[in-house]
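Everything below concerns the one structure shown next.
As written, the chain order gives the labels A, B, C, D, E, F, G and H, with residue 1 at the start of each chain.
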Amino acid sequence: MEEAEIARLLNEVKKGEMSIDDAIIRLKEAPYEDMGFAKLDTHRGLRQGVAEVVYGQGKTKDQILRIAKKLLETGQKTVLITRMSKEAAEFFEENKGDIESFTYDEISRIGIAGIQPDAENGVGRIVVATGGTSDMPVAEEAAKTAEVLGNKVVRLYDVGVAGIHRLLDKKSLDEIMRANVIVAIAGMEGALASVIGGLADCPVIAVPTSVGYGASFNGLAALLSMLNSCASGVSVVNIDNGFGAGYLASMINKK
Amino acid sequence: MEEAEIARLLNEVKKGEMSIDDAIIRLKEAPYEDMGFAKLDTHRGLRQGVAEVVYGQGKTKDQILRIAKKLLETGQKTVLITRMSKEAAEFFEENKGDIESFTYDEISRIGIAGIQPDAENGVGRIVVATGGTSDMPVAEEAAKTAEVLGNKVVRLYDVGVAGIHRLLDKKSLDEIMRANVIVAIAGMEGALASVIGGLADCPVIAVPTSVGYGASFNGLAALLSMLNSCASGVSVVNIDNGFGAGYLASMINKK
Amino acid sequence: MEEAEIARLLNEVKKGEMSIDDAIIRLKEAPYEDMGFAKLDTHRGLRQGVAEVVYGQGKTKDQILRIAKKLLETGQKTVLITRMSKEAAEFFEENKGDIESFTYDEISRIGIAGIQPDAENGVGRIVVATGGTSDMPVAEEAAKTAEVLGNKVVRLYDVGVAGIHRLLDKKSLDEIMRANVIVAIAGMEGALASVIGGLADCPVIAVPTSVGYGASFNGLAALLSMLNSCASGVSVVNIDNGFGAGYLASMINKK
Amino acid sequence: MEEAEIARLLNEVKKGEMSIDDAIIRLKEAPYEDMGFAKLDTHRGLRQGVAEVVYGQGKTKDQILRIAKKLLETGQKTVLITRMSKEAAEFFEENKGDIESFTYDEISRIGIAGIQPDAENGVGRIVVATGGTSDMPVAEEAAKTAEVLGNKVVRLYDVGVAGIHRLLDKKSLDEIMRANVIVAIAGMEGALASVIGGLADCPVIAVPTSVGYGASFNGLAALLSMLNSCASGVSVVNIDNGFGAGYLASMINKK
Amino acid sequence: MEEAEIARLLNEVKKGEMSIDDAIIRLKEAPYEDMGFAKLDTHRGLRQGVAEVVYGQGKTKDQILRIAKKLLETGQKTVLITRMSKEAAEFFEENKGDIESFTYDEISRIGIAGIQPDAENGVGRIVVATGGTSDMPVAEEAAKTAEVLGNKVVRLYDVGVAGIHRLLDKKSLDEIMRANVIVAIAGMEGALASVIGGLADCPVIAVPTSVGYGASFNGLAALLSMLNSCASGVSVVNIDNGFGAGYLASMINKK
Amino acid sequence: MEEAEIARLLNEVKKGEMSIDDAIIRLKEAPYEDMGFAKLDTHRGLRQGVAEVVYGQGKTKDQILRIAKKLLETGQKTVLITRMSKEAAEFFEENKGDIESFTYDEISRIGIAGIQPDAENGVGRIVVATGGTSDMPVAEEAAKTAEVLGNKVVRLYDVGVAGIHRLLDKKSLDEIMRANVIVAIAGMEGALASVIGGLADCPVIAVPTSVGYGASFNGLAALLSMLNSCASGVSVVNIDNGFGAGYLASMINKK
Amino acid sequence: MEEAEIARLLNEVKKGEMSIDDAIIRLKEAPYEDMGFAKLDTHRGLRQGVAEVVYGQGKTKDQILRIAKKLLETGQKTVLITRMSKEAAEFFEENKGDIESFTYDEISRIGIAGIQPDAENGVGRIVVATGGTSDMPVAEEAAKTAEVLGNKVVRLYDVGVAGIHRLLDKKSLDEIMRANVIVAIAGMEGALASVIGGLADCPVIAVPTSVGYGASFNGLAALLSMLNSCASGVSVVNIDNGFGAGYLASMINKK
Amino acid sequence: MEEAEIARLLNEVKKGEMSIDDAIIRLKEAPYEDMGFAKLDTHRGLRQGVAEVVYGQGKTKDQILRIAKKLLETGQKTVLITRMSKEAAEFFEENKGDIESFTYDEISRIGIAGIQPDAENGVGRIVVATGGTSDMPVAEEAAKTAEVLGNKVVRLYDVGVAGIHRLLDKKSLDEIMRANVIVAIAGMEGALASVIGGLADCPVIAVPTSVGYGASFNGLAALLSMLNSCASGVSVVNIDNGFGAGYLASMINKK
């Protein structure tokens, strides 16, 4: 029930055009969301006007295109499409019509339609660090998500603990010390999150990846390792969930 | 190597009392931390003066007492002792000597020595919510940790999803909407984190608990459930890790 | 041993044409089912005349066709084929001969041969609810199964807990309140079953799906979550077992 | 917001004592449950007047007593206490004051306060079957729960599949055929649920128990077995969850 | 229905004292086991007169005594009680009344009431081999079970693969070569079953034990190892199931 | 060292052509297998002349052909090839040269080269039973293996416990009662092994299959179920290990 | 900071061209690795000049080629490429330019560029043993890695415990006794490591392989088995990690 | 068969006192170990005279005492008793008779009887490092085992990765660089092994411990983490297996 509707109803009550009993009934029947529990929508509302996300996996290329178009038409400035196949991206490009701009990144499988993020001028500082180069698809999903949401992202790739000096050189260490929030991404033994958690004094979001083989059990080893991190300030998201980490990092960074 | 030492060494080089080669060797051998990588210590440094944590599990009552005393003597204002047995607390009380104050909470098994937290005047707003009353020990560990670290904590206990109206009444909803960060604690199926994650627009730290039986597998069910949360902004810490959640919540709240 | 046979045997004993010892031996050897334990067959008997189910997976398209034809010839009015490939469906369509009607639904991979269900005039009210759109194949398997068995089915799709207002709007809530039985289908964290279980006062059949990635472990997370549901009245079937849920829902609805 | 309150508000609007804008604000702020979403409470309401359940585990004997007293004072006729220790039961007995009646069953650890169930005159027919005698505590939890809720319960204990003739003798078979719903309880390999599911033509609620050793992994083997039941009409609840099965059985039986 | 009863019934039919219709009804109603499906009972029948087994775990000392007495009174010569506590054994000894003989073995926790097995004169040759001395309780359960059932048992203890020469010395090898069936019992890595399976040309029953720590996961490691044995002729029973192995070995040995 | 060689050596010692010291050295150096530890080879020796097995998986079609040819040339009468691809079988047929006969069964993926088994005249009685028709590939692997090894095999397919009457009809029951050994093959919940184990009085070899989906976890559910069988006389082999079961059944049957 | 730079800085201090304070600051800011913590690089340094390893998995054929070229240009004599696809190898061969030599082994998927290892003249003695022929790809990865690193490697393939005489013949036993370190590679039940560990008196590196099916769970059974080895001196690397075992064996052998 | 016996036999053959056929038979029957496969015993032999190990767990205090006495009487200089309870140690002390010396360490639960290790003068350098102080019991088991076997042991305790500077200070780093072999012991996330593996250029033996809670699953998290270590040169032993690590470290150190 929109505010206008409530107003009209109250008006009718005031004028005596509707009995109080009828009004009570209608108010009680009003669907939950229409009651204007704005708070429920704030969350969404705040995001709107900035960027909306489409989870590409399991959607046809046509569905993705139509959803994105509709979002842009209804005021969304940027639409982020995650887990988008190359085919879907090519189809999008060919049929984008008057969508201002569309970019696609093969590694992270992320498509961005509408106004492109201004990566240079993002706010705050989110560090996205990976243990190895194979963690890059997840890392780029996190980084690009954060950039689309308006954050400044610093990438520290391939700083895994097997060569701890890479992580401890002045440049890397400086970035870690200056970060507002860090996304630590690693497969195999996932030790990166603990080491960074021990160095940093900001929240660390750990993302286990399915990189590895054998007893990595598709990311389970890294997941358990990260959940058991002996460093304070570390929390964990699902295996390979780059988007979730980027989104949460943005939430914390923008506080 | 302290700054003074480096200064003396450079001085000797300047005066010609030490050869350049010898200086190079001594500098290269200087222990890592003495090199003044202050950033490594910042993290610790920043915490000092506020509160230090002692993990009580596996320590004797005597060890706990001595560690706490030493920390308080060296400038720590408050010492938080987690997983402290009742016996250790009684022993502490009896032998606290001139420690200003000591309180112990049986439910959360948390002891606080030194200046007690001023729960009324904490900053920000951390909501600690639980699915059931049996999650309270973990919840209080989180809440008290956050309070000791100077945060304002709001408790929403027993608002589990099996009676969703408890979570959706105006008071609860208001608290959720006004929070800077929420700690969602639940055992069994752990659905609370997802529902709160869907309602709130702030970071949600999910804490699975070992509450439950049978196929809860000591918290595994809740853990997996929370890691798979379809709500954005949710991350997870170890099963029963109330302290970790409270600490991280404080980090985010104080940003 | 048919009743007639027993009668004949007893007759022969009466007439002295068969010794008592011989009769004992023959009676002891009589095959179990022939003893007329009709109850063993009741179960099947009751279903006959309504619909019979063919599990398509692992059967050749030719086998499926022949089984269905035989069932229809022997009095079955409708045959439901689950997990039927598109190829098998096309083959069926081309070779259906004088089978009155055949329909196939690609999403649920369900084929229906013979008299089509009259979805409009089903009895009772089974609500089939899903957490997300990706759960639709399982949901449609459940819904179509229930419809073929003569039930009225209401679909509430994409009402997952991450956007709890979708589930709590008046329309959805009304359907949940009026249901005789609810099938709650969800992947990832599977929290839908608990929330619906807390709202509804009818039996809820929870179906975990393999939708998700990483720590969903192909539906294990949702399965454990649902088994630990803190709401009363919830029980669980196998991962992705839409047919089983639809069948059981029909059993309960028709009581 | 109670109906009376809404009425008063509308009255004030009608009289011009409250502006429409203020009324809108107050209505929007009204706490969810006060809006009279009676349906949310129906569920609970319907149960009230019959019996309320207290989960005894993790509650002190004093807490249990006080909760039960309050429930009985506020109109509850019977209170069922599950997982109640012997100590709590003795304490209850000694301090029950003017509670009319209290009984306690050591095997199922169930206490019943207030009006005792009239097991003889329950409605319908719920069969509770177990594989072995060690499954009895879970079975009695289910049976007593169902009896308290007003159902007629038939016990078929120790009819496990290793001696299939016990299940197939005429008496057992008759009970299975005449049941409205069956609770099949078994540990170890949990095959009972499948066999009963194959015989019966009513819903079967399978309860895996933690009875067994070695590769039973505390009920996991039985749980997986039951989830994979090849018989239609079988669904599963948590390991050792006798109460849940009894409650659900009652729901189905009373339909 | 006993044979005598069937005979009487047929007799009555013959004499015309009972109508054929009534006879049919009575025969159909006769409980399954009474129908004389001797085959169902053969199994049991064959065992009777030799030995009957009582699973002691979870039974009170009084229950065990009463069951054993009843079995002996009804013609059983020997009763084997497995997983019997020392307390139960002492109680049995004190209250055995006119039971001829009772022995108890603390290691295997096996009690034997009635005629004791004549271990010297058992038939065939069952070899019971263990990897270490800690596997002895399980081994003795197997060995004593086999002896009670009338088999000749040879013990080869502590011949684990870490010291392969112990298994390969002439004496051990001879026993392995001459065995009719071998029970190979081992915890930790459970390799014994494979090695013996490779040497022997008779069936090998592998029993994983819960001996070990850490990654033995209470016998899981040995269990998986034995299931994957690359040697032909090896099958596996449950962890620590010495009785099951001894019983099966007897079955095979006596063929 | 062949017997002939030892004889020659001893001869040389006898004749004084070799010193005793030299003889000692040569004897000690003789490779283990050459020492004629016939017992080690008995096992193999007994199999020779009857049939030898080639595990086809992971071998090229050419390797399989060459191995089989060599075995047949060196006196083997029959060669059984398990897990043989259709391609390998076609290649074999085309290039079999003067191999007397070759047959291939697509379902079990078994090829038999040389003298074909005389299935009609096998000895003893091995019953191979399956829960469903999808278990047939594993069942045929077991059955054909046993037939090649000279056993009489009776097939009882699709007698799963969901329709217990199929297993309990006179014909099936008779076969179970007359068997020397039974191979019980089932996927999903694997209850067949327990039910048959409860009926039969001969050894039952349980084979879990990977048939199923969801919580069957590729055969894990059936495996655990079978390991926990409450029936005596049941042992288990690896998931889908039809060959192993057939081989072991033959060993027991021929005792 | 290179030594030369430190020297220059100290020189400037000495000459008074730089103040001591400035020097302190510059020294403190010097990036970690530039400080010449040679020890950190020793590890790497020692390897350089001998061989460098490129992990081929997940790298494009072009990336592999370019990395290898660069390593060879910068002084590396040999480059070992692990998990290299046949396509990448063919591409490498065609485009190797003036790389002196390139060999590729299809089984182990190892490519070696530059100076080829002189397998004949390696130092020490590393024995690489496998349970079956299917373990060969992992074994060759280990063996070739060790050879490239300059070790003498002895291969003992297909000596699995199911035919223990193969392992115990004089030749095999001799090799085991003379080894400096043994790599024991096995899938399925992984018993080889324990048996070899019991025979040998040198370190044994156990490598579980994913060879097997069913309850081998892709190498988990062998992994657990090896971790529980009752033989002293055995340690374990990841499933299928031939490279890691070969590298570690070289480390130990060359001590 | 001793050499003397073989000589006698050959002598008899030479003299014609024994036929060649008889000699062949006797030689074939000679027990394996008597054939003088000295190498089988070398392993043991080499250890003798240094120290022998008794695994205390599961042995009575009396058994331990008797075994130790016998070993010392038969020439063993030192006996190491692992997992020895305090009770067993007190009993040992009281009853040691003329055993020269006995020491017991409560933390590691290690008892040493006979000549005590000369920890100061051990050879080589084994570094034993732990992540936290709770890992000390395992660490001391490793360290003391290595010392008893004659090695020089350096302890680096509480250098976990959450405070990486503790590991990277000059003193720790120096010890790591100078070690011949390192034992890295850690619970929780077990990242220590990877970080040390990345720093060191000697073999690293990783020991996961059961220290931790929740998702550490009694050491499983650390175990998987260590198996997936991205650092070369790391291998893993069983959870809490301090003895195994110390023994293997000694083997490698003494090469």
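Odds and ends about this structure:
The rule is short, and it goes like this: a contact is a pair of C-beta atoms (placed from the backbone, for glycine too) under 8 Å apart; a residue touches a chain by one contact, two chains touch by 3 or more.
Everything numeric here is computed off the predicted structure, so don't read it as measured data.
The chains that touch chain D as well as chain E are C, F.
Looking across B-G, G-H or E-H, the pair that copies the D-E interface, with over half of its contact pairs the same by residue number, is E-H. Using the average of C-alpha coordinates as each chain's centre, G ends up farthest from chain D. Chain C and chain F have CA centres that are 39 Å apart.
Distance between chain centres (mean CA atoms), chain B to chain E: 55 Å.
In chain C, the residues touching two or more other chains are 32, 37, 40, 164, 168, 173, 199, 214-216, 220, 223, 227-228, 232, 238-239. Touching chain pairs in this entry, ordered by label, are A-B, A-C, A-D, A-G, A-H, B-C, B-D, B-G, B-H, C-D, C-E, C-F, D-E, D-F, E-F, E-G, E-H, F-G, F-H, G-H. Those residues of chain F that touch chain D in the shared complex are 131-132, 160-164, 168, 188-191, 194-195, 197-199, 212, 214-217, 220-222, 224-232.
Contacts from chain D toward chain E in the complex involve residues 134, 165-166, 168-171, 173, 213-216.
Residues 29-34, 37, 40-41, 58, 208, 210, 218-220, 223, 238-241 of chain B are the ones touching chain H in the complex. Within the complex, the chain B residues that touch chain G are 3, 6-7, 10-11, 13-14, 16, 20-21, 23-24, 27-28, 35-37.
Every residue of chain E that touches chain F in the complex is listed here, in rising order: 37, 39-40, 42-43, 46, 173-174, 177, 180, 199-203, 205, 223, 227-228, 232-239, 244-245, 247-248, 251-252, 255.
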